[in-house]
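By written order: A, B, C and D. Residues from 1 in each chain.
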Amino acid sequence: MKKTIKIPKKKFKIYNPKLKEECGVFGVSNNKDSAALTALGLHALQHRGQEGCGIVTFDGKKYYSEKRFGLVGDNFNKEKVLNSLPGDYAIGHNRYSTTGENTLRNIQPFFADTNAGGIGVAHNGNLTNSITLRNRLVQDGAIFHTTSDTETIVQLIAKSKRNKTIDKVIDAIFQIQGGYALVMLTQNTLIGVRDPHGIRPLVIGKIKDSYVFASETCALDIIGAKYIRDVENGEVVYIENNELKSIKPFPARKVRPCVFEYIYFARPDSLLNGKSAYEHRKQFGIELAKENKIKADIVVPVPDSGNAAALGFAQHLGINFELGLIRNHYVGRTFIEPSQKIRSLGVKLKLNANQSTIKDKIIILIDDSLVRGTTSHKIVKMLYDAGAKEVHVKIACPEIRFPDFYGVDTPTKKELLAANKTNDEICEYIGAKSLDFLSLEGVYRAMGFNKRDNNYPQLTDHYFTGEYPVKPIDELGDDKITQLSLLSTASNN
Amino acid sequence: MKKTIKIPKKKFKIYNPKLKEECGVFGVSNNKDSAALTALGLHALQHRGQEGCGIVTFDGKKYYSEKRFGLVGDNFNKEKVLNSLPGDYAIGHNRYSTTGENTLRNIQPFFADTNAGGIGVAHNGNLTNSITLRNRLVQDGAIFHTTSDTETIVQLIAKSKRNKTIDKVIDAIFQIQGGYALVMLTQNTLIGVRDPHGIRPLVIGKIKDSYVFASETCALDIIGAKYIRDVENGEVVYIENNELKSIKPFPARKVRPCVFEYIYFARPDSLLNGKSAYEHRKQFGIELAKENKIKADIVVPVPDSGNAAALGFAQHLGINFELGLIRNHYVGRTFIEPSQKIRSLGVKLKLNANQSTIKDKIIILIDDSLVRGTTSHKIVKMLYDAGAKEVHVKIACPEIRFPDFYGVDTPTKKELLAANKTNDEICEYIGAKSLDFLSLEGVYRAMGFNKRDNNYPQLTDHYFTGEYPVKPIDELGDDKITQLSLLSTASNN
Amino acid sequence: MKKTIKIPKKKFKIYNPKLKEECGVFGVSNNKDSAALTALGLHALQHRGQEGCGIVTFDGKKYYSEKRFGLVGDNFNKEKVLNSLPGDYAIGHNRYSTTGENTLRNIQPFFADTNAGGIGVAHNGNLTNSITLRNRLVQDGAIFHTTSDTETIVQLIAKSKRNKTIDKVIDAIFQIQGGYALVMLTQNTLIGVRDPHGIRPLVIGKIKDSYVFASETCALDIIGAKYIRDVENGEVVYIENNELKSIKPFPARKVRPCVFEYIYFARPDSLLNGKSAYEHRKQFGIELAKENKIKADIVVPVPDSGNAAALGFAQHLGINFELGLIRNHYVGRTFIEPSQKIRSLGVKLKLNANQSTIKDKIIILIDDSLVRGTTSHKIVKMLYDAGAKEVHVKIACPEIRFPDFYGVDTPTKKELLAANKTNDEICEYIGAKSLDFLSLEGVYRAMGFNKRDNNYPQLTDHYFTGEYPVKPIDELGDDKITQLSLLSTASNN
Amino acid sequence: MKKTIKIPKKKFKIYNPKLKEECGVFGVSNNKDSAALTALGLHALQHRGQEGCGIVTFDGKKYYSEKRFGLVGDNFNKEKVLNSLPGDYAIGHNRYSTTGENTLRNIQPFFADTNAGGIGVAHNGNLTNSITLRNRLVQDGAIFHTTSDTETIVQLIAKSKRNKTIDKVIDAIFQIQGGYALVMLTQNTLIGVRDPHGIRPLVIGKIKDSYVFASETCALDIIGAKYIRDVENGEVVYIENNELKSIKPFPARKVRPCVFEYIYFARPDSLLNGKSAYEHRKQFGIELAKENKIKADIVVPVPDSGNAAALGFAQHLGINFELGLIRNHYVGRTFIEPSQKIRSLGVKLKLNANQSTIKDKIIILIDDSLVRGTTSHKIVKMLYDAGAKEVHVKIACPEIRFPDFYGVDTPTKKELLAANKTNDEICEYIGAKSLDFLSLEGVYRAMGFNKRDNNYPQLTDHYFTGEYPVKPIDELGDDKITQLSLLSTASNN
C-alpha cells in the first residue's frame, strides 16, 4: 500500500522552482566603460541569481562599490549609478543564496583592505570546509560580517603573510575545498580562479583590448566580446598590464564540469564545450526519444525549461511540437508571494493550457529535469483538465537522487522525489499515464562520450550517482554556523 | 536612387514595440472574492496594457477604488490591498494609453456620482467624436479631470436626464462613435457594452453563480470560469439579481471584429470565434507557407510574437522549427530606459542569436506583423552577425498601410513603413535576402472565409485596406484637445 | 457628586492638539520665480495646515500643478519640482482638513477648464451651505471628484453663464455662505476674495513689481515682500496687467475678523490690524494679570503656545518668567503615531519638566486657550511630579463653549470642556490648584476696544458667545454628504 | 586695513550649525520592553546626533540589530520594528558623524562575534590614536568594514586573548586614548565605560529592577527612570545578574568633564553635576550680565540656544526679555538642502524678526557661543532690517580659539572666528554695535568654582585655553586613513 507523499510548501521563487545555482560572476579590465559592461554582463547572467547584485570598480586610486537587492536591470540601468562606479576595472556578481541569510551584507562582491591593498571578490560555488575555516579564523580574532562562505575566502586572503596579492590568493585557495569560480579585482589586476575539478564554469573573452571573465559566454555576447577559452580547472588567470597570465598551482587533473550546467543552468545560447546549451539539450531530447519510442499526437514542452529537449524529441520522432502551455509573460516578478486569498483560489498564475491544441490529444510532455515533482503534478492536471486524452511525461535527464554541495541549491535528500520513490510511485504522484527518464548512459552519449568512464567520470554527476568529486560535508543546519548567525537584522543592513 | 530611411527614436516600451491595443476590461458580479478575481482577471489580461491598473468595487453601500501605476501583480497581490476593496461586485481595467497623458488621474475605472447613484466605468477602445462631445459638455459647465475619452462617456451618463442608470448608459452610447467595449458597475448591477460593429472584444463567463465580463477568455481560464458567449456587437448586457439580461438598442448589423485581435493582440490561449488565437496564427503561418514555398534549413520565429505562425509555417513545409533567437527572460521591466551610456554600447538587451544553431544556415525568419521595421532590421543583422547564410523574412499578415482610430496605438501613416515604401525598399531597409507578406485573401482564407466580402467585410481590416467601419477623425495633435490638456501635472496626481 | 469626565481618545496630531484652522493660501503675479516664492510663502504658512500642499502655475499657455502630502519644505525644496512649475503666475495652498477625507484628490489648489479658460482655486475657510449647493449641482449633471467644499465653488464658477472669468467668480461667491478667503489664478490674472464679514484673513503685499496675496504677513516677510494692506471684507481684488483692481460686489458691512487668529492661529510675527500677534498675545497676558493678581514664584508658559501671554503676565506682575517645560525639538513629525507598546509606557514624548527650576515652587502656568483639557491635565501632573508646590493655571482667553463653522476645526460641543463643566469642575479635572480664564471684556480691552459692541461685535467671537455672524448649519455627520463620499479610495488617488 | 572675511559655505545641517557632539548612547538591562525603552531614550537624546540611529538587543540566544538613517522617532516608532528587536537587553546609539563617511555601515551599535560570544558596542567620543591602532590591526590581517574609530575598539576586543568578555573590554580600553563613553552588550551583561578624564558623560539610572545607562538624564526622565549616579571617570560598570558592579582599572585621577556639555550640548533639562543645564546656562547669563552692565530696551535670545542665558541676563539687569526672533517650527527637516533657486532668493527659512517688538529698540542679543559667526552675522542684519536701533551681541561663553579632538565636531582652527580675529574684527564682521564674551573666570564662577585651578583644571576647556587633557593628534585629512577609505560606496550599504 502506498503512502501519501507530503509536498513540502515552499515560498514561490522568482524564476524556476526546481534547482538553482548560486551565482553569476563577471569581470572586465582596462575599459573606460567597465561598470556599464559589467552591468550588461550581469544582466545576461541574471538567470544564475536574482536575489541581489553588486559591482566593485577601481579607478587607479580608489575602489567603488554598489550593491542592491533585485535585478541588475532595475538597479544598474541609470546613468547616475554607473557614474558612481568610475574606473577601468570592474567585477560584478549576481547572487542566488544557498548559504547565509538574505541581507544586503551578504550581497557580493566582498571587499577587504589588506596590507597589500584592497581586494574585491566575487564567488560562484560553495565551499565544503568553510565552517571549519571560519571557526579557526574567529578563534584568531577575525570579525565576520556576513554569513556567506565567500567571506571565509576574503578573510584567508587578508590573513595571508605573503606579500603580493596574487600570492595571498593562492595561499587562500590552497585552504578551501569545494566547487568554485572566483573573479577578483585588486588594484589594476583582474584575477580569475576555477576550482581543481572545474565544477563551476568560468570563461575568458576579449573586447578590443579588454579581457573579460564571465560565468557563461552569453555574458560575452551581450557586450560583443569574443570568446577566447575556458579558464581551466585549477587554473589561476590574471590580467596584468593588459596581458593574460596563468598559474596552475594545483597538481594536474582532468576537468569534470557539473552536468547540470548542460541540463539546466546555462542559458540556451551559452557555449559549453564548443556547443550551445540549446544544442546539448536538443541532443538530450533526441537520446530520450531513442530510448522511449512512443506514438503520440503532439509533443509539448514545459515552457521554457523543456523547450530544447522537446524540439529534439519531436524532430527525432517526427511528431508535431506544439506550444500546449502558454506562459503569462508578466509572471516574472508579479504575484511572487500571492496573498492567501489569491492562493486559496487555486489559480494558475504562470501557465495556462492551450485548450484548442490540447483537447483530445495524446500528449508527450517534456521537461529538462524533475526534482520535487510538484510542478509536474500541477501541469499534468492542467493538461487533463483541458481535455488531454493521455499525458506521457518524459524527463530529459536521469533521476536526481543525491543533493549537491558545490553551489547548487538542491533540496535535501528527503525532498528529492527520486531518492525516495520508485518510478511507478512518482508517475502516480504526478498523475501521468507514463513517466520516463533519460538514462545516465544517455546523458554521456548525448554529450559525445562513448560511455561514462566509471574510474574517472567526465562530469560531476553525483546528482544521479552519488559520486562526489570532493568529499561532501554533512548537510548543514543553520545551527552549524556558530558565530555570526547569532546576529539577525530585522531589515537589510 | 533610394533615400536613407530615418528611424524615429522611440522610448523603449515595456513589452513589444509594434502595435498596442488600449486596454483590458473585467467585471464580476455576486462573488465575495470579487476584488481578488478581478485582480486575477486583469493579470491574465496584462498584455493588453501595462501602464496602470485599477479596480472599483461596491459592497452594497459604498464604492471602493484603487488605482496604481504598473502591473497588476505588483499592485494587487497583497491581502491589504484586496481587503481595502470589499464587496461582491467589482470591475477592473488595464491601461495602455493611446490618448491622454500618463497620470494617475487617467487610470481607470472612472467613477461618478449621478443623481441616480454612483457608476464606475472601464473602457477599452477609442471614440472618434470625443473632442466634439467634450467641447459641448464644457460649454455647458462640465469640469473634466482627465484627458481620457472615457471621461466623456462618464460625463454623458451624468448629464442624462433619464432616471434609471441603465437608461442613462444607453443615452450616452447613442452619442458616442468609435470602437469600444465597456464594463460598468452601478449599485448591484454589472453592465457590459460592445460597440455596434463589435470592433473591440468582450466575452461573458460564469463561475458558480457569478457572471463575469472580460476582454478575452484567458481571463476566464485563470479563475476557472466557464466561457458562455461573446457579447454581441451593439449589445448592452447587464447582470441584475444574478440574472443576465440583454438590450439591443442599435439597428441590427453584422459583427466585424478587429483583425488584429487575431493577428497580434489576443493572448495565444484566448478563444476567438471558437478557436484559440494560437491556432489562428498557426493557420496564418500555414497560408503564408502555401503562398511562399521556399527551401531553407530552418524556420526561426521572432520570439514570442512569431512562434505560432512559425510553427504552422514549419510544419506545413516540413522544415525544422528552431529557437534561433534566445530571449532574456528578465528583460520585462529591466533596462526599460537604458542609460545613454548603455544604449551607446549598442547592445542586445532582449535577444541573442543562438549561434550554434544559426551558423551557416539558410533561415526563414517569421514574425506576426511588421510596423516600423526597426526591430526586424536589428534581428536580421543579429542573425547575419551570428553567421547565418541567408535570412528570408516572412510576415504572417499583410502590409500595414493605414493607421487605426478605434483603440489601437498605431504609428502615424508617416511612420508606417509599408505606407511609404515598396516591398523591395522595405526588404533592403531591414537587410533581408527576401521579404514576403501574407496576402489579404490569405488572412480571410486562414480564418475560414472563402474570401473577403468586399461589400461588407467580415473583419475590421482598415490597417491593410483603408476601409474604416466608422468614419475616422483626422489624426489628432495634442493641441486639438482644447481644454484639460492645459493642465499638466509634474508628478502623478 | 461629580461624575468622571471621559476624555475622548484622539490620534496624535502633528502640531498642536487644540484647535486648527483649515488652511493657508498664497498667490504671486508677474514674477519669474513664482513657484519658488509660493513654496516659501506656503512654508511660512505651514502652521495653518500640514496635511498636504499644492501649487498651480500658469506660463502664458499652460497650467502646471503639483500636489503632495506633507510639508512644503519636504516637497517643494528641490530644483526639479520647482522647474516643473514654470510661469510668472502661481497660487498655492496648505491643507488642514476640516471636511472631506484625506486623499490626494482633496489637496488644493483645485483646477477647472471652463469655457472661458482654466482657473485654479485655493480656499481657506468653510462654507455653511455647500451641501445644498452640491446636491443641486449633481442633480444638474455635475461630477464631483472630491469631498471638499472648495470644489463646490469651482463647479459654480464652471457653471456660470457669464462670459468673463472674473464675473463667473462673482456669480459663484454670491451663492456661497460662510467664512472664506480665496486666491485664484486664471490666465494672467490673480484673484483674491475675502468673505463679507472678513472672518478669514487675506493680505496684499508687493515685491518689486509683483503683487502677492497671502493668509498672513509672515508669508510676505519670508520673501522680503512689503505689506500693502488687508483685502477688505467682501472685497474681490485682482491683478491684471500688473495693476491691483478692486470690486466690492456685496453691500457694505463692518469687518469682523475671527478672534482666534489673534489668540492662536496667526504666527507670532504676523501683523494683525497693525500689531504682531505676539504683541496682541502679550496684551492678553497683561489683561489676564490685571484680572488675576496673584503671588507666585515663577510664571511658566506651555511652550510655545503660551509663551507670549506668559511674558506679558510675568512682566506685568514682576514675577520671573521661566522655561519650566522643555520641548523635545524633534517631536515635530516623530512618534506622531507611537506604537501601542510605546504609548502604553505612558511617556512624555513632547515635553519634559525642567526639574531644578520647578521644584518646590508656586507656579503660574499660562496657556493661550483650553479646549478639551487633556493636554493641560498632563502638564499639570508633570509639574507636580517634578516637585511643584502649587500649580495655578491661567488661560489667556475666555471659556470656549461653542463650535465653529467657518474653517476652524473645533471639537463638537460635547467635547468642549467649558461647554459642559463649571470652572471648578474643569479645575478639578486638570488637577490645578486654581484656574482662571481671561474675561470676554478683557479680550476686547486687550485689543484696544473700550468694550464689546453687543449690537455689532467687532470680532467673530461665537466661540465664547454663541453669536454667529453667518447662520450656522447643523453639525454635519459624514452621512450628510450624500454623493461622492460613497467612493472611498484605499490609497491616495 | 582689514581684509574681507571669507565665509566657508557649508551644507545646511539639520539642527544647529555651530558645534556638534558625536553621539548619544543608551542601554537597558533586564526589561521586557528593552527595545522600546531604548528607542525612547534615544529619542530624548536626539539632539546629540541626527544622522542615524541603531539598536542591538539580546534575547538570551541571539542578537538582533536594526540601523537606520535619520531620526529615532521616524524609524523606531512602529510596532513592527520594535517587535523585530526582542529580548530583555538592549543598547542604542544616535550618530553624529565626526569621523568616517555617512553610510549605513557606519551607524552604530557595532557588533562582533568573538570566541567568547557576541558583543555590541555603542560609542560617544573620539579616539586620538585610532589610526595607529587600525594600521597595526590591518597588518595583522584584520578586515575593517567601516571608517569609524569605534570599529577599532571592536577589533581590539575581538583580538584580545583574554577569556572573559569583560577582560577583553579592559584589554581594549588600555590601548585606546581620547574622550569616550561606551555602552556595550554581551550576552546577559550590559557594560558602561567612561574615559579616564570623564570628558564624555555617562549616567546610571534605574527603572523598577532594570538598570539603565545613558548619555544624559533626560533619557532617564522620558522613561520614568530614577537617576542613580554618574559613571565615574575611568570606571567600568556592568550589570550582571541584575547587579551593578564596578571596576576601576585606571590610576585614580580627578574628573574633568567637557565644558561644552554645560554650555551647549546637554538638553536644558538634563542634570549636570546636580543642576540642570538650563540653570547652569542662566548662571552663565547672570555672570555675563555682571561683567557687562549695559542699558538697553530689551534682551532677545537667539532661539533656542540663547534662551536660558538671555533669561539670566535679563533677570539680573531687570530688562525685559522678549522673543524678538520667531522660529519656523517646521524648519527642522524641511528645506534642509534648499535648491539653488530658493537659496538665491536669500530668504530666511528658519527665523523671522518679530518686527513690532524690535522696531526702534536698543537690543541685547544673547547666544550661548559663537563659532564661525555666520549665523550671528545674519541675525544681526535681520534685526537691523526690522528697524532695531542698536544691536549689542553678548556671548555666554569665552572666545573659542582651539579645535576639539574628543568627539566634538569643531571647525578647523582656520574656520574658528575667534582664533583668527580680534574682538573688534569679529564685531565688525557680524555687524553689531558691540560684542562681548563671558570671561573664562566667569565660566568657572558660574559653575560654583572660586576660580580655575590652573594646575589641574576642573573642566576640559581647551576650546578656550588650548590645554588638552589628552595629547591631541594632528588634524586628520581623509588621506590619513590609509585603508578602508579606499572603498567608497555610491549608495548606503
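Definition applied: a residue touches a chain if its C-beta (ideal position, glycine included) is under 8 Å from a C-beta of that chain, and two chains touch if they have at least 3 such contacts.
A quick map from chain label to UniProt name: A, B, C, D = Amidophosphoribosyltransferase.
Since the model is a prediction, treat every value here as computed from it, not as a measurement.
Across B-C and C-D, it is C-D that has more C-beta pairs touching.
One simple way to say how far apart two chains are is to compare their mean CA positions; for chain A and chain C this gives 62 Å.
Spacing of chain B relative to chain C, judged by their CA centroids, is 50 angstrom. Annotation: 37 Å between the Cα-based centres of chain C and chain D. In chain B, no residue touches at least two other chains.
Each chain pair that touches appears in this list: A-B, A-D, B-C, C-D. If you check the complex, the residues on chain D that touch chain C are 15, 33, 36-37, 39-40, 43-44, 46-47, 50, 71-74, 77-79, 82, 218, 221-224, 267-269, 271, 275-276, 278-279, 304, 307-308, 311, 315, 320-323, 326, 328-342, 345-349, 352-357.
On the side of chain A, the complex with chain D involves touching residues 61-68, 81, 84-85, 104-105, 107, 111-115, 117-118, 138-145, 154-155, 158-160, 483-484, 486-491, 493.
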